[in-house]
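Multiple structures are listed underneath, in structure tokens.
The two complexes that follow have chain A in common; it is paired with chain B in the first and with chain C in the second.
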Partner chain A sequence: MTANAPGTAALMQGNEAIVRGAVEAGIHFAASYPGSPSSQILGMLGKIARERNFYAEWSTNEVCAIQACMGASFAGARALCVVKQNGLLCTADALHCGAQQGVKGGLVVVTSDDPSAHSSTNEFDSRWQAQSASVALLEPTTMQEAKDMIPYAFELSERVGQIVIVRLTTRVCHGRGCVTLGELPEENRPLERVREWDRMVCVSYMHGPMLEKLEALRGAFNESPYNHYSGPEGARDLIVAGGTGRLYAQEAVKRLGVQDRVGLLSLGALWPLPEDYILKHLRAAERVLILEEVDPFLEQGLEALAGRERLSLTFLGRDHGALPKIGELDPDNVEKAISVLTGAPLPEKRLPEGAGKTPLPVRELTFCAGCPHRATFYLLKKALRQEKNPGIVVGDIGCYFMAGQSAGQYGYQACNCMGSGVSMAEGLGQLTHYGLDQKVVTICGDSTFFHTIMPGIVNAVYQSANMLLIVLDNSATAMTGFQPHPGTGLTAMGDRARPMDIQKILEAIGCEVEVADPFETVQAEKTLRRMLARRGMNVLIMRQPCATLKTKERKGKKPRVWVDQSRCIGEGCGCDKHCSRVWGCPGNTWDFSTGKAQIDPVTCVGCGVCAKLCPAGAIQVEGGEEA
Partner chain B sequence: MLSTIALDTQVLRPGLCTGCGACQGLCPYWSSVKGRTVLLFDCERLDGRCQRFCPRMPTDLDALRRKFFPAETILPEIGPYRGLCLTRAADPAVRARAQHGGTVTALVELAMKEGFIDAAVLTRSHGGLDPEGVLAATPEEVRQCGGSSFQIPPTLAELNRALKEDRYHKIGVVGTPCKTLAVYKMMANPLPDNDNHAGNIGMVFGLFCGWGLDWEGLRDLALSHCNLNMLSHMDIPPSKFHSLELTEYRRSVSVDLDEVLPLVRPACRACTDMTAEFADLSVGGARSANGWDVDKGWNQVIVRSEKGEALLKLAREQGVLEFRDPMEGGLEKLKKASLGKKRTGVKAVRDLTGGLGYLEPSAALFENL
Partner chain C sequence: MIQLKYDPLNIVVCGIGGQGNVLAAEVVGSAMIDRGCRVAVGETYGASQRGGSVMSHVRVSLQDDPSVLIPSGEAHIIIGFEPLETLRIARKYAGADTVAVYDPRPVYPLGVLQGVQTYPDLDALQEEIRSLTTLALAVPAADIAMEAGDSRAANIALLGAFSQVPGAPLSREDLEKILARRFKGPVLELNQKAFAMGCGAAGKGGAQ
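Here is the complex of A and B:
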């Protein structure tokens, strides 16, 4: 990542290519909040920050991250902000104000979208934010472009004094490709002292200059090396592709044998729209297929452009039924769309012998073996079922989002975005003063607590809502890969910091706080039920480290958990596979041949909670040491 | 239908659950809070003890009683009948804690001493509030359970746990009609692969019952009329008094029955058994020509089985119980009251379910009330 070996080829993941690009660009500053699919970027930057003499931080949330970058930019630093789609939306105010105030040192925001929401709760299209905030937008297709676009983006950013957004998608972040390395700067450009009359202020009269900056880049984009065309001159069937669509199209065009009559216009520098460059190809075309991830962003832009120029074109794309309205592009749906565009028949699909015959087992997302959240949601369901009226649980974003499924006993009824739970619950909790006779519960993780929950807690305490917040304190940002957060006592660059004490913060705010260990099921259930009976803003901290973290740090042998087959009553009345069916830990499996429970010794981490819950007392825990 | 869903949809949701506890103490899925039966997690078995034992799942009551009692002893109005008498405990210490005459406490103690039973599942309350099921293994423990409660605890959960433990092999059970019916269902209708150790049930003592009350509602009502710490007894005298009597230390507080009736559990309105027809002996408050002031210290006992008869004989011989001659026409009065409950019960079942519901298999018993 830090080898100064220009011209050398390296196999890189997209996220790694971004890191390399940032190093080649000589960044001074990087800030991020983890979010798939781009979580690895800042983790890697943190590791090499000292060596390359820049600063990197895992910020408490994305707003902190982008605003820290703006501060750094004011002193002439090149600052890189890395967020995922939802994170970019979090920064919306900062981004829009930042675009009006402009930047001094280059400020590049890398945002990663997750089409089809592989590791997200939803799919969004970041590109609208660039359009809305009037900042330039780049989108790489290959790993090489991912690397090259970072120094390019910094150069554009400094050329006009404006933020530049680089949009990635999951396949670009996680795909691997060959990258030819560029040169590393000898040393970073020196910082610039902020002078008395320097100004970086968002005020309304900056609106005009902001639009001028954007317009200034349109010319550059008409000439950008990241926009190119392949195929016959004056093709009547034109494909316009941004991001991953380009590679799928190249493949499909070949497979369909239409290389000689289809043009492929690839746009990597796509906002502001390079109108002249696009029009050059649009004028010759009759039918246009747009391939892009998530929303019809280019499609609508091109339609507007064609309309303005009074071109009579047939458009195909997500808005016109040639592609599904939602979900990511793939070789199949792109091939089908190109077949519609060109009339070329779809080649017959030939699967290898036996392929597709055995259906894959359906597997639901679930918590890891030994995950403390499983115990918390088991106890929560049990406690709420004992309430006179069914309670309301509002979820939040983190691993525990999966609690909405069987993993968490279908544990919540509502879940909006990260940080929303406490305030949705506050709203419901206020209604308990107006006749709503239900217990209101919400959940957050420790990382989410710092991210956006704290203002909601202040609100709930101050406004006297009746509710219970359960903080799932597993000492980790587990969902995205154990990035440090203010509760962990670590920083992105590996330094020790004084960990923030969630309990003390809560007490200082004025909450009624109790702490329980979800693995001590009897005690924790009692505490939970006691807190449910209380009025006011109550917080229960469920403290038990993440099982994956514990396993990583375990030095001794893990306890051996096994099922006494003579005591197990299996599907019998009185159990009905309670461990594998209801408790549902992946470590609790079922022996179909004997009709008895068993433990998968590889998956099991030895937490022993299932033994506490076994109605027949058949599960045994032996030996082992605590992590 | 899945066991838990069957009970949930056919019993709990329609408001037929009596809270007896027959479905509890068996598995991780059923529990109870303040008289409310709660389903913690779904079970996916097609058949189970919970639905077999539940007194509000359809039962052929006539077939069930013929299985345990000779046909010629069965009276249509009050079930198996071998005699009626008025009794009270001879020991004043037993009577001091008793609901009426202390007959049940005295009989259970005697049954335990004489080896009719080796333990007993009873209900213990604190002045009629916060009752709980108790497994008593000594006469002293039995005595702690004197006095009734109108809050209905899941006592049979305790029975199920005791049966499973298999430590006692002749367990006596004291309960309201819904509970004793469930106990007979346990004995008559075991799950093929799990008999729940029903053979460990030794003897059944039924309690006359008009209805049970909403747990929290009764507590709140009592709280509004007296100091709960001082509350020692609660009773409903004959209907002409139209009241609930609370005894607070030595003071008596009379609460208008109109305040109490809204708290009657819907399930109890849909009950057709006043005299606990499934039992060896059924015991209730006495009704005689002497009036309530005397009657409230006495019980009436319906003898239903030979075992019950034998125990009562022993009680007379040993002087454990004092006997009084029953009032003339006492049986007829009892039959009339019992029929009255059957009529209103059937009407409530029809209102709740649109048909005879859980009584359907016993339709013939309820045709000409």
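Here is the complex of A and C:
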């Protein structure tokens, strides 16, 4: 990642290419909050920051990250902020006001969108934020472009004194491709002292200059090397691709044999729209297919442009039925759309006789074997079922988001974004003063606690809501790959820091706090019931390290868990397959031939909680050394 | 210079989160780059380590950079860590000439254990994999890895078997070179052992 070997080719993940691009751009500063699919970027930057003499931090949330970058920019630093789609929305106020304030050192925001929501709760299109905040946006298609666009974005940012956004999508972030390395700067440009009369302030009269900066880049984008055209001159069938669609289209036109009559216009520097460049190709076309991820952003922009110029074109895309309205582009839906565009028939693909008939079971997501969250939700459901009504549970974002499905016994009824749980619960908790006769419970993880939960707790305590917050303290930002947060005592650059004590913070705010270990099921259930009975703002910290983290750090052998077949009563037990069906750990499986329980030795991590729950006492735990 | 039977050559590596899918794809991709090819890898692992279906597409070309996803019906090789996942992928991606190397040990989805879904009959499932492919090689990779010392080496054991498939684009030596570069110490030893046992198992005529 830091080899100064210009011209060398390497297989790089898109996220790695961004890191390399940042190093080639000579950044001084990087800040991020983890979010898939771009979580790896700051982790890698943190590891090489010292060697390359820049600063990198996992910020407490995305607002902290982007504002820290703005501060750094004020001293002339090149600053990189990395967020995912939802994180970009968290920064919305900062982004819009920051754009009106402008920047000094280059400030590039890398945002990763997750079409098809592979590792997200929703699909979102970051391009609207660029449009709304009046800042420029670039979108790479290949890993090479991902790398090259970072120095280019910094140059644009400094040319006009404005934030530039680089939009990635999952297929770029998590894809790998060949990248030819560029040169590394000898040393970073020196920082600039902030002078007494320097001003970087968002005030209303900066609205005009902000729009002028955007217009200045429209001119540059008409000439940008990232906007290019291939195919016959004056093609009447035109494909316009922003992002991943370009490569799918290149292959599909060959498969369909229409490469001689279809033009492919690729837009990498796409907001502000390079209107003159686009119009040159639109004027020759009759039918236009737009390939883009998530929303019909280009489609609507180009249609408006064509309307303004009174061009009579037929548009195809997400708005016009040739492509699905939701979900990511792929080689198949792109090929189909090109077939609609050109009238070329699709190649026939048929399964052999008899194949494809049996329905295949889907694999639902579930908590890992040995995950402490499974125990917490098991106990919560059990306790609430025995209340006079089952109560209300509102969730939050983290691995425990899965608790809304069978993984967590359908453990909560509402959840939207990070921080949603505590404040929705506060609202519901207020209604208990007005006749709502239910227990109100919410949950959050330890990283989310620092990210957005704390203001909600202050609100709930101050406003005297009746609720219970369960903090799932697994000492990890597990969902995104174990990045350090303020509770872990580590920083992105590998330094030690004094860990923030969640319990002390909660007590200082004025909550009633208790701590339990979800694996000590009897004790934890008692504590949970006691806290459910109380009024006011109560917090139960469920403390047990993440199973994946424990497995990673384990030095000795894991305990062996097995089912004593002479004790397991199997289908005749009356426990209704408690271990594999109700408890639902992937380590607890069923031998369908004998009708008895078994343990999958590959998956089981040896936590032994299922042994405590088996009514026949058939599950045995032996040996194992502490991690 | 390496010869590719198809250009681009399309390989799918599939299984369940936590089975070492991504690593296996990366090893294959790196070995192909070593042989002077252009490589693109697309990973679908949103559900990594959380029990969901996971797949990686490895695409190899001597001409240009392919996209990171394989069109349906265009896979040439399927490396599967679980039979149900292998069939799921074969139904979508197998085409006129597809070879599958897979572990026949089922891992039941939660829905099956909870009794709301049914796992297909294993014999019928394997028969369907055979009907969709020109060659299907069943190799008990997880068992081999456990015998070698750790079930986590199942992915490497299966790569060993993959290198022995007739017409495999990579040799045993190609892959061993990458393992030696990628791992060290006891993990390397474990992987080398599992890899060699995987090679042996394929030779023993796991072909069906």
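We adopt the following convention: the second predicted complex is superposed on the first by the 614 of 627 C-alpha atoms of A that agree within 3 Å, B and C clash if a C-alpha of one lies under 4 Å from a C-alpha of the other, contacts with A are read in each partner's own complex, and residues count from 1 in each chain.
Operating definition for what follows: contacts are C-beta pairs under 8 Å (C-beta built on N, C-alpha and C of every residue); 3 or more make two chains touch, one makes a residue touch a chain.
The shown structure was predicted, so the numbers you read here are calculated from the model rather than taken from an experiment.
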item: Touching partner for A:Ser36 - first (chain B), second (chain C), both, neither; value: second
item: Which superposed partner A:Glu335 touches (first chain B, second chain C, both, neither); value: second
item: First (chain B), second (chain C), both or neither touched by A:Thr366; value: second
item: Greater residue coverage of chain A in the superposed arrangement, chain B or chain C; value: C
item: Which superposed partner A:Arg581 touches (first chain B, second chain C, both, neither); value: both
item: Chain B versus chain C as contact partner of A:Lys388, first or second or both or neither; value: first
item: Touched partner set for A:Thr603, first chain B, second chain C, both or neither; value: second
item: Chain B versus chain C as contact partner of A:Glu571, first or second or both or neither; value: first
item: Chain A residues contacted in one complex by chain B, in the other by chain C; value: 581
item: Interfacial residue positions of chain A with respect to chain C in the complex; value: 9, 11, 36-37, 114, 117-120, 142, 170-171, 174-178, 244, 247-248, 250-252, 255, 330-332, 335, 349, 351-356, 358, 360-368, 399, 402, 406-407, 548, 577, 580-581, 584, 586, 588-590, 600-603
item: Chain A to chain B touching residues, read off their complex; value: 381-382, 385-386, 388, 409, 571-576, 578, 581-582, 613, 615
item: Sites on chain B touched by chain A in the complex; value: 3, 26-29, 31, 33, 36, 38-45, 47-49, 191, 193-194, 216
item: Contact footprint of chain A on chain C as seen in their complex; value: 16, 18, 26, 29-30, 33, 38-47, 49-53, 65-73, 84-85, 87-88, 91, 95, 107-115, 117-120, 124-125, 128, 131-132, 142, 146, 151, 154
